[in-house]
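To keep things simple, chains are lettered A, B and C as they appear, and every chain counts its residues starting from 1.
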């Protein structure tokens, strides 16, 4: 009974985090982006600096009619948002937030693989949406999504493998247990490659060609309205949370910190994740969208070689110190 | 390609299902895990059958996702966690995405596409059934007395898998990777020969210049490389060429 | 990546610095319904009507490029001011309306009005929920007249405005006449109506 309660509690916490953190990131994006552009952003909803703007947006989305285009493949079209969203929920389960086994939804033996695999599945949602919409722009968006995933999954995997090599385990908890501060400079190239590739996989600007509104309207999500559209947006922001959390855990030491790592480890994790989320927003505001061919070139001629170099470096250092 | 893959999946599914039946010493002493295993096996089998029988191309690919995911769950139930996640990563995450990409790039009509049906269904069925029977027979015969203890230490954890892969099976593993490398080189050679001399010269010039490799290498792994690699002339530089190899190695590692 | 001088990626870093700097500065957004905007005196908000000056000459209605001004009037006979004089007819304005759903704020009506009956007002909060209610009648236009700001002051060295010059000349003449009539008060009443005429 106690076990059941424990599991239920963990699931509940993960679910609550899944529902709130993306909204917090979204609201931060509203405000940070506004101020970076010399604006104020939402100011009215909720009274204090528009804190309830996303809640209001949610209410608006819930009120809208759920339209399925006449020529669309109905079932696939309706299923796509769930396929896009659920993987991120599953990933959150595996991210350790503090030291020990009590601070992770579910300890997984092959955590790195689980997380990357499930994140890759999330892209299937975009593909399904792009194809099922019966809209050429959606199809183009789906194609771009697929091309982007194929190009950027590889550097992500390679750099994650580099960390796994350094730690000698593929378990996220194990990686954190093995973390030392000097991993930071050692794996810095891998960290950057991982983060950039993750951004591309999430289709965040400057890698948002699959939803490039000035070229293909909104890519795979063009035909979506109401709650299903909101689910796609939620998936994007949940993706940011997951990517930042994952980068924190893999490269920035998660709950390790200069002090207080034992009791307040989770604060460190949250802090690092928040800083990374800020960087995600910052990059979005600052840099214009790449062209589709530049995107591919960046991956295959820069990120993949860098990732391989990182693996080589990791291997050499590992052999030297052992 | 879809057909072949799906047939393979069907075979796979039936095999795994039957393996359990053989494993379960008392046939009628089902534990929770065994029931779940059988149910998931049925779902996987059904998805695989739908994959090869549906007349909608993209639906076939999506059902393939279900079948492959079902297999991953089966691995999970057999405590082979590592294999399960690699299955999801490689097959669901990459191969099916590649498949869908190819479908969308060529044609992916919504609704039925009767012209995609093959004329020799009977032959295909015969081959599939033969392959399935052969596989089932071999596997059942080989593993009839094998017993996986689900409650003890996981027999398929990353540690165990890695150890067995790189200690007992390292030779076949490396041989496989050489085979894949050969396939990769072959694909590059083939796609180069297809071009005329002029195109080759142009490609050479491009290589000397900027070395533009955009859009090149992701066509190489798995199945028909010629269609999905539109202009492979400029040839992946060593790094990208190495990269698909690595991925395929992973892919093969769990077969 | 970027072929800028300096280390690779310095352009990217520069861009990040720009956005970060902007974020730390105070934003310039005016929260409109809470704080009213400070408008320039010659803002083209809406057109106000000073009825007393209108002679129903219809120039504005005719010049309006999209025919958004509606004027109704009738003629009225003014009895002769002096016995034996001729009756005069005068135009009386019945309706003056501007359809602001058509108006394109070109200001030609204001330019063309020979009697200074139309003015730009900076007032801009006259949105309606029904497009038909955007045809504003003379009472509304008259209300807007009171929001018209005083005309900007002339340059110190500028020529005196014509009307002021005329008024001053009359006043001067009057003063001179009064000064002349001081010993003899008879010509005074003769000079007065003359001064009021001009």
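Points to keep in mind about this one:
In this section, contacts are C-beta pairs under 8 Å (C-beta built on N, C-alpha and C of every residue); 3 or more make two chains touch, one makes a residue touch a chain.
Since we're looking at a predicted model, the values are computed, not measured.
Taken as a graph of touching chains, this assembly forms an open line, each chain in contact only with its neighbours along the path. The chain pair with the larger count of C-beta pairs in contact, out of A-B and A-C, is A-B. Separation between the centroids of chain B and chain C, computed from CA atoms only, is 78 Å. Computed from the mean C-alpha positions, the centre of chain A lies at a distance of 26 Å from the centre of chain B. In whole angstrom, the spacing between the mean C-alpha positions of chain A and chain C is 58.
None of the residues of chain A touches two or more other chains. Taken in their complex, chain A has these residues touching chain B: 71-73, 76, 108-110, 113-114, 116-118, 120-121, 123-124, 127-128, 130-132, 134, 139, 142-143, 146-147, 149-151, 153-154, 157-158, 169-171, 293-294, 296-297, 300-301, 304-305, 308.
By the touch criterion stated above, chain B contacts chain A in their complex at residues 56, 58-59, 62, 65, 81-82, 85-86, 88-89, 92-94, 96-98, 100-101, 104-105, 108, 110-111, 154, 157-158, 211-218, 236-237, 239-240, 242-244, 246-247.
Looking at the complex, you find that chain A touches chain C at residues 32, 34-40, 43, 282-283, 285-287, 298, 302. Across the complex, chain C meets chain A through its residues 1, 12, 15-16, 18-20, 22-23, 25, 27-29, 31.
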